[in-house]
Amino acid sequence: MQHGYNPPDFDEARLRDAPDARFEPAPADGVLPDDFFATSNLPTYVKVDGQWRLPRAPRMDGAIVKDPDGLRVTEGRYVRKGQPVAIGYAEDGSEGIFVHTTGFLGSAKGGGEFQFMSSEVSREKPVDYARMAELLRQERERGGHIVWVVGPAVLHSRGRDVVTWFIENGYVGALLGGNAVAVHDIEQALLGTTLGMDRTGRPVSGGHAFHMRAINRIARAGSIRKAVEQGVLTEGIMHACVVHDVPFVLAGSIRDDGPLPDTIADTVRAQELMREHATRATMTIMIATALHSIAFGNMLPAYVVEVDGALRPLTTIAVDTSEFVVSKLKDRGTHQAFGVITNAQDFLHVLRYFVEQPVNAAPHASHGVR
Amino acid sequence: MQHGYNPPDFDEARLRDAPDARFEPAPADGVLPDDFFATSNLPTYVKVDGQWRLPRAPRMDGAIVKDPDGLRVTEGRYVRKGQPVAIGYAEDGSEGIFVHTTGFLGSAKGGGEFQFMSSEVSREKPVDYARMAELLRQERERGGHIVWVVGPAVLHSRGRDVVTWFIENGYVGALLGGNAVAVHDIEQALLGTTLGMDRTGRPVSGGHAFHMRAINRIARAGSIRKAVEQGVLTEGIMHACVVHDVPFVLAGSIRDDGPLPDTIADTVRAQELMREHATRATMTIMIATALHSIAFGNMLPAYVVEVDGALRPLTTIAVDTSEFVVSKLKDRGTHQAFGVITNAQDFLHVLRYFVEQPVNAAPHASHGVR
Amino acid sequence: MQHGYNPPDFDEARLRDAPDARFEPAPADGVLPDDFFATSNLPTYVKVDGQWRLPRAPRMDGAIVKDPDGLRVTEGRYVRKGQPVAIGYAEDGSEGIFVHTTGFLGSAKGGGEFQFMSSEVSREKPVDYARMAELLRQERERGGHIVWVVGPAVLHSRGRDVVTWFIENGYVGALLGGNAVAVHDIEQALLGTTLGMDRTGRPVSGGHAFHMRAINRIARAGSIRKAVEQGVLTEGIMHACVVHDVPFVLAGSIRDDGPLPDTIADTVRAQELMREHATRATMTIMIATALHSIAFGNMLPAYVVEVDGALRPLTTIAVDTSEFVVSKLKDRGTHQAFGVITNAQDFLHVLRYFVEQPVNAAPHASHGVR
Amino acid sequence: MQHGYNPPDFDEARLRDAPDARFEPAPADGVLPDDFFATSNLPTYVKVDGQWRLPRAPRMDGAIVKDPDGLRVTEGRYVRKGQPVAIGYAEDGSEGIFVHTTGFLGSAKGGGEFQFMSSEVSREKPVDYARMAELLRQERERGGHIVWVVGPAVLHSRGRDVVTWFIENGYVGALLGGNAVAVHDIEQALLGTTLGMDRTGRPVSGGHAFHMRAINRIARAGSIRKAVEQGVLTEGIMHACVVHDVPFVLAGSIRDDGPLPDTIADTVRAQELMREHATRATMTIMIATALHSIAFGNMLPAYVVEVDGALRPLTTIAVDTSEFVVSKLKDRGTHQAFGVITNAQDFLHVLRYFVEQPVNAAPHASHGVR
């Protein structure tokens, strides 16, 4: 929380030889010259008459005004017509203004330009669905192994249909999840609810037991595959995996009800089965599951070795409503994860929308994006 | 945290006259009879030989087995073929099993059926976009006053385009927000960035000052409307409001940079302008802003008085990435708010998608939803 | 999102026979009479000249003013000296003002008084540590089985010491957790770091592997108990469990590194071991672990059967930094959970502080609480 | 999401001249040699017979085993007694193993050592209260200007008492907040509730209006100071500010009820008053308010100019239950903020506890921390 300050070396050539800062008069009250220098909160030195000076009252988002008695940082609204305002964009001293970004050694900021939005994961960052859709199509075309790791939140209404669509259309090389994702998918197929809620989110009478009835029905059939073969399970995500021969791993946890006959209760064995997909993965999409995402992230290399031996980063997309889960994934070492902070069902809807856009058309056209 | 227990009155007619519970043998090891009674964690009494008994080892998601020495709750996986398992769905005693939901007076649960997903706001609930789209279309048709309250998160890439589309297509009666939403919309229009990030989320060099340059440009023009008239501002949300005569209120806050000439720095005056829309509102959509949502929620009645004097609830949709913001809105008294926990740009994309669906077609059809 | 309105029955005796509302003049500009009726956003009827009327411009936090042309809701700041303002506290019509809380059937609110802070779990609610400390002391005195379910967040600096203190002082009947909590406790004991961070949160060089080295050391010893016996493990939470014969269950998960020899990799077996403590539990404290809290919550009855056969609720305290985890626990059926939204290490520090207060002294006295 | 790979330059001296990696036999099945090299997920080259090789099946938290047919990453549990395992700690090639941290240019990770917990703000980081307490005591001793920026969450039960204690004991140079913090402090003083809840968090009948009654009472008195002078307001935070001449700024917002006569409704004027404290601040503590923290952060320099002209960083502590608020503060440019993720009332309790510890004693001693 406290670090010493290392002042700039003003004898360094680029500072010693820098020109004086330039000033232009404000064109009107409360209006700055177009090219005003915009301040940050870091130590900022301005060269006036050959001397580097620190303006008074520093703050970010201000302008630097030359008063008769010295330099001062102020907000644009207080500038009066004709007052001299510092001009320029460069922060390296080359235009007479130097922002000392590395003065506080050991600080978290360290160095580099003053920026907004420097956090790695934030709901305030735009999501480039067109790019994700393009990567997904590329992987399918080159026969990559796209591993989906999903939590039960993907099951809500359309989310379930969209995952099924991705399976049916060849975008899923393997599906990893837990007992719950299969249970609630099957609950939906057999009884029309998820976690006892209908598709509008209303609890159904007796609904708290519906997942137990679904499990019992599969226990009687013997396995998910047998339930499909016996005509018990006729639609949904697990059905699509069976029908389209997409391998799935349902890894057990202590939260599991049942569990289903297909669920691997032994976590070491479940890790081994997941690891087989980790070593083959060429792209990974992890949606709404902290446990399975971090477990799978632990097993993943950060890169893919191509057939010719070249390396490329392993595209790893992590979707969650909370920054925390994605940050935690990174904090456990999966630094390459690209975080999307949103609702699982909406992510799936929008991703499918972009995947279905004609490849050669400008994908944003219908939305008027330039 | 501690409440006394009020046992059931077994002399009450419905309990006194209830039949004994029925039991059926388990069809196989680890498989329950189809109609097994599924337990909750609440006190559950089972009538055997005319006596109400509490099974041992209570827990939820279990079944009730009759052992030689009494009743026991267990999980399906431990049931052996032929063991007698309690049968039934009714929890009111009418089939010999009584769940005492009101035994702990003063408890948060209080009474009512044992349920999952009883929280009001959760990312784990499905979102019924088709219904929201229908309500929105109805309001437009009957000339309602649809008030949108938006935070800067709507500006990210496509979000901004979709809000503009809603304005252009008559779905926005008034737009309420703060200085930031207008600043970053205009930053995007004039300089191509939001908060100094480009459309893919990468910081742009010098970007931390772009919003200040946008503000300065509007300050020079005199107002947003004048900037449109002077050809300075040619696209985006604020431009659409001006061109389509959609009133907007930019309420000031202490976080504001600038502020823009249009921003109402006096918060009491800003409340008055917002209140004019609150008294006229027939539907409200609040997206990604705690401050403005709660402020506007405070001003809103929970209902609309129709032309004929009849009352109906005021549809109030609150969208945020965090349950906390929506719960807080409710905790401040806006109980009618329907919460959608998702990313603003995805919400807008999916809502537009459903609004554009043909009205008479099954709206889900193209997504394969039954 | 839309429900019909069921108007009040004004022929009902309590409404038909209710008196007219009373009005008093405002004592000064912007000042209301002391006993002003404070509005909510629900339909509110005011009896004037024997007629029930709806005031114009309804909103919460307002007062009702009688204008020459009717009733109007307004904010206190707009009231002028002498204007007649409605008076009273009763909302049931008995003082001439009736708030119709049940008008919108099927609405989430349903009925009951208009309230703030109706959500069950919120960081905005006070936490009654004195009461929790009292319950904890009572359980210890009567020889209850207090089950602690903990995640690795309890390990941070003082948190670890406080858990150890609770073990040493007889407040822990069993400790349930995962591989990680033991691994990082042992990492701390052997190498001085947690997750590779030192006690101030700074990453240590090579620290990413420290937990692996800790696991390897225990693997060599054969088990945690053997490591204690061999003098390898000399302090910390797991050490205290061994020395004080507090049983622990380390339930396996697919995220586990190692795992430790003591970790139960088979999740069905781990459930069985946890369930033994669930059936005996008389109080439960769950800290900073969604997986283990929800798993254990699933196994817990909502009540304890006392020796004399009487039932009382099972005190269940759930601590997490996020409302989501606690709400999810409740949404999975553990309705009795009392949520504390805070940081694990601070919870532990404050709980110990209150447990250590002299029992008969006013526990808040030293903090000046009345 | 995709970046090219820049392989290491194996002709560089440090790699060309590096020794072969060393291997030692595993001492037992599932046990690694003490000094095993622990893998990360980054490209890792191992020198064998003078050749740099990439082991197969890379992942983090593994060991490198030499098989007859090459190198392989595996988990410790699969190693068999006697298998040769790579040894060493250095990741720079000097011991024959090279982790190529900068291979993926443009990646978020960029370079630097593979680490866990690299995120800047996380509930999973320990909080060094002893250090914060020491800084606070130092500032008081040297007459610094400690600015507290607080949201209403500080008011819950003991939180309010502790803030009052800090004011009374000279640790508060100025108190900045909004209308709500003063309203609910005064509601507590006059009516015993906060947001209509009593000290245990239970809603009180009629409680939704208590804050309006508190406001009305101050409106009648004329101001907070007058209410103190008239004996209306006799305890609490605002009372302590008046009595101890601690300046406060209550900045207005559109969410304000009332507002109180002391609240500055004009946000530009409120900014000016806050800014006076920003320019004088030598330490800042921001608790549980996004709006006021970010507003004040915008005004703050990142440093303090000492009397002798030397610069030091401005200690800025930001406390919130959510990582998001602290990350947002940083994303708006206040990079120097040190985040504490916890509950406001617990933060205050623990901070006071450490401030009260004897300065020269080991502050942790009573908690058994080494």
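Lettered A, B, C and D in written order, each chain numbered from 1.
Here is the rule we go by: a contact is a pair of C-beta atoms (placed from the backbone, for glycine too) under 8 Å apart; a residue touches a chain by one contact, two chains touch by 3 or more.
Predicted, not measured: the structure shown is a model, and the values here were computed from it.
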| item | value |
| --- | --- |
| Winner on C-beta contact pairs when A-D is weighed against A-C | A-D |
| Most widely separated chain from chain B, with each centre as the mean of CA atoms | D |
| Distance between the centres, which are taken as Cα means, of chain C and chain A, whole angstrom | 30 |
| Chain A and chain B: spacing of chain centres that average the CA atoms, whole Å | 22 |
| Computed distance of Cα centres, chain D from chain A, in Å | 21 |
| Multi-chain contact sites of chain D, meaning residues that touch two or more partners | 40, 60-61, 77, 114-118, 123-124, 128, 131, 195, 208, 257, 259, 268, 298, 322, 324, 331, 333 |
| Chain D - residues contacting chain A, complex | 1-5, 7, 40-43, 54, 57-61, 77, 103-104, 107-109, 114-124, 128, 131-132, 135, 268, 275, 278-279, 298-303, 305, 310-313, 315, 317, 323-324, 327-328, 330-336, 338 |
| Chain A partner contacts - residues on chain B that touch it in the complex | 27-28, 30-32, 34, 36, 38, 40, 60-61, 76-77, 89, 113-118, 123-129, 131, 152-153, 156-158, 161-162, 164-165, 194-197, 199-201, 203, 205-209, 212-213, 215-216, 219-220, 257-259, 321-322, 340-343, 345-347, 349-350, 353, 364, 367-369 |
| In the complex with chain C, residue positions of chain A that touch it | 195, 208, 251-257, 259, 265-268, 270-271, 274, 290-292, 294-295, 298, 322, 324, 331, 333 |
